[in-house]
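You will see two complexes here that share subunit A, one where it goes with subunit B and one where it goes with subunit C.
Our next item is the complex of A and B:
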């Protein structure tokens, strides 16, 4: 694929902290699509997003957005990105309209009508001070800010946490609305995987600082499965085939990335179903044992 | 020329898409997606549009919603919708005209009849499979079929 057509192109990115390392992550997001970033807490989702924004410095690898290096062309790259952090932070004592008018000059494409429109739609109290907002309101405000300067790539870090299901649906609809423009792309991390199951074109799964996969959602849905059966049916061979196993007193659940092969291998008595993103997240890498965890 | 808008039904909620963006009168195109279905979503869309073309509910020249619009309306991903359209195009049911949109293709009547006969055959094969499971013989099944036919006359 032509690299210029990628909204995001991450190659072999590493970051080392005390006690946590993000290992060699590579992924591509073509323009015009939504990518979901999933993984348990501590997987490296926020670290990866912060590296894209150069809020933290990478130790290795390359990150390109719209074909531009995110360090060399930092100002241009950032002007074309909209970012909604997991904990939006703005000056606590400023009112929302003060905040908006202080941020606006930094963006050549700031669209004040659009901001007012979104603020109205989200019922944002523009006169209220930032610190007086609830978490959900802070997220809505950050979202209105992120969507008011014609961003071509919208990055959202756990945006649906703290939002009720009605607004979550609304958010997904809004993201799909953005995608009506084929140049716009969205990357959002979430542990509410149901949100991503239908809306995301691509899914990237991180665990313990490593990339497990980054692929089209359709492929994930078609290839990953859960195998269930009685404990006594789980022999060493079955164990080796599975990519994660949870054993309970009444039976076992195992994860496979090759559901068709699993159907051939495991015969009668086993139940084989498609895996949801949640199944994948919960079961992947789990070592089977008799503990009730 | 007719422009089609999807009527949505998701998880039992039923809502009608209001045609606001297009000036062409939009005709309903019914697509019902079930999360509980074992069929992947792209397959569900494919089957339903195909069925509407085969039944004549959609006819030659009718314009389908754009991939991105349909994806948004159905609250599913762009790639999934794209896959359904690509498959329909491969099967010759629709044509995409660059810059203009996607349209129901001209259907060859004989070809169409053949396709529909094939669909009948497939359903019958399914019935035979079910009958075998219950040890229902071919005579008994033929009798059932005869009775069903008679019912409608």
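Our next item is the complex of A and C:
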């Protein structure tokens, strides 16, 4: 694969904290696509994004963006990235126009007309101080900043948290619109999986600091399934096959990444359905199952 | 490359001015009002210079303290700059603020009715060298210290030195060793002053200027290296 064609290329990245380790994560995001980064709280999504931005130091591995090393070519790489954090923290006493004006000279492609257009569209009060904004408005402001300098890779860390459903949908449309420019790619972390099912071309699933999979969305939809049956049907063989099992009073539901094999293996009496991202996130690893190969 | 670095330095300075003017303007106005009063009271130029240097230096780290308190370092590190650029930007902002306040102080000394000082107090090579020297030796530890420990660290450091001074005073009085204690505290300063005086007396003046400026540049460079090592380890 020509790595220059990837907006993002992560290889074997590790980060150790006391009580949490991000293990050997690798993924590729080709230019012009949206990748959803999913996982429960504490899975390592924010840690991974912080590593991309060199906000924290990695303990191993390599991160390349647009074919450039994110540490050696830090300034060049960051000039091509737009970032929306989960909790935007700018200078609380500065007004929105001051904040935007303070960063404009750093970006060769800063487009003030675009910023003002987005600010108008998001109904951002530019004279207002940052600390006076609600969480949703802060996120909208961060988004307007991230989309005003011609970024080729937009990193969004839980951007839809705190947004109303109308703007959430608007945001997803906007991200899809960005991809009309084939240079632009988006990495979108969220635990609201419905958002990602709507927008993502690729999905990366992290759990407990480990990469479970990083695949095209259609492959996920094709391969992952949920097997349902009565409790008495859950024998040791079925248990070993499934990658997560939830037992309920009236039956069980189990997760598999080999839906075709599941259809052959499990006969009458079982219901086998395609798994949604939420199914995968909820069921994966329940009751000590194994990882996808 | 140099043009690019200069562009980043100027952009960081401009950013600091935009983001911190609301805190800096009242602080500088208060400083100016205080200076307006003090130039009418003090008639010892050296004492005045030492005093304004200490005051100015502590004002220059206000932007670092504000950023630390607001938790905005992470945002700064997402801009297209390196951590080295950000640390260098701190020094550029500090020295720019120092130059601004020094200009203000000189103007007040020269123009304030009833002032016992003149602009010439500072506007001569020795006066400027003294200001540069004191500011360098104060900023050199203060910037890395503030980057590492933030506003609370600076407060605790000031309290620590006050408590230490009080403890030494009590100890000296109780044991009747005031001269020895004072001598011990002043010794490092006396050594530096004696060294600079010796250089001043024995070297041609131009060489003396070059040597002292080079030494001050070295202290600044070492401080920058130290601050950078601290900031590079910071996880945001």
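Observations
Convention: the second predicted complex is superposed on the first by the 287 of 293 C-alpha atoms of A that agree within 3 Å, B and C clash if a C-alpha of one lies under 4 Å from a C-alpha of the other, contacts with A are read in each partner's own complex, and residues count from 1 in each chain.
Criterion: a residue touches a chain if its C-beta (ideal position, glycine included) is under 8 Å from a C-beta of that chain, and two chains touch if they have at least 3 such contacts.
This one's a predicted model, so the numbers in the text were calculated from it and none came from an experiment.
Superposition of the two structures on subunit A leaves subunit B and subunit C fitting side by side, clash-free.
When the shared chain is aligned, subunit C comes close enough to touch A:53, but subunit B does not. Look at A:218: by the touch rule set out above, it reaches subunit B but stays clear of subunit C.
Using the contact criterion defined above for the overlaid structures, shared-chain residue A:179 touches subunit B, although it does not reach subunit C. Of the two partner chains placed around the shared chain by superposition, subunit B is the only one that A:34 touches, whereas subunit C remains out of contact.
With both complexes placed on chain A, subunit A has more residues touched by C than by the other of subunit B and subunit C.
Of the two partner chains placed around the shared chain by superposition, neither subunit B nor subunit C is touched by A:192. Look at A:89: by the touch rule set out above, it reaches subunit C but stays clear of subunit B.
In the overlay built on the shared chain, the residue A:78 is in contact with subunit C alone; subunit B does not reach it. Looking at the shared chain after the overlay, A:201 reaches subunit B, while subunit C stays out of its contact range. Between subunit B and subunit C in the chain A overlay, the least Cα distance found is 28 Å.
Comparing the two complexes, no residue of subunit A contacts subunit B in one case and subunit C in the other.
Remark: subunit A residues 32-34, 169, 172-173, 176-177, 179-180, 182, 198-202, 216-218, 221-222 touch subunit B in the complex. The part of subunit A that touches subunit C in the complex is made up of residues 50, 53-57, 74-76, 78-79, 81, 83, 85, 88-94, 98-99, 101-103, 105-107. Interface residues of subunit B, counted against subunit A in their complex, comprise 40-42, 68-69, 71-72, 75-80, 83. Interface residues of subunit C facing subunit A in the complex, by the touch rule stated above, are 7-8, 10-11, 14-15, 18-20, 22-23, 66-67, 70-72, 74-75, 77-83, 85, 233, 235-236.
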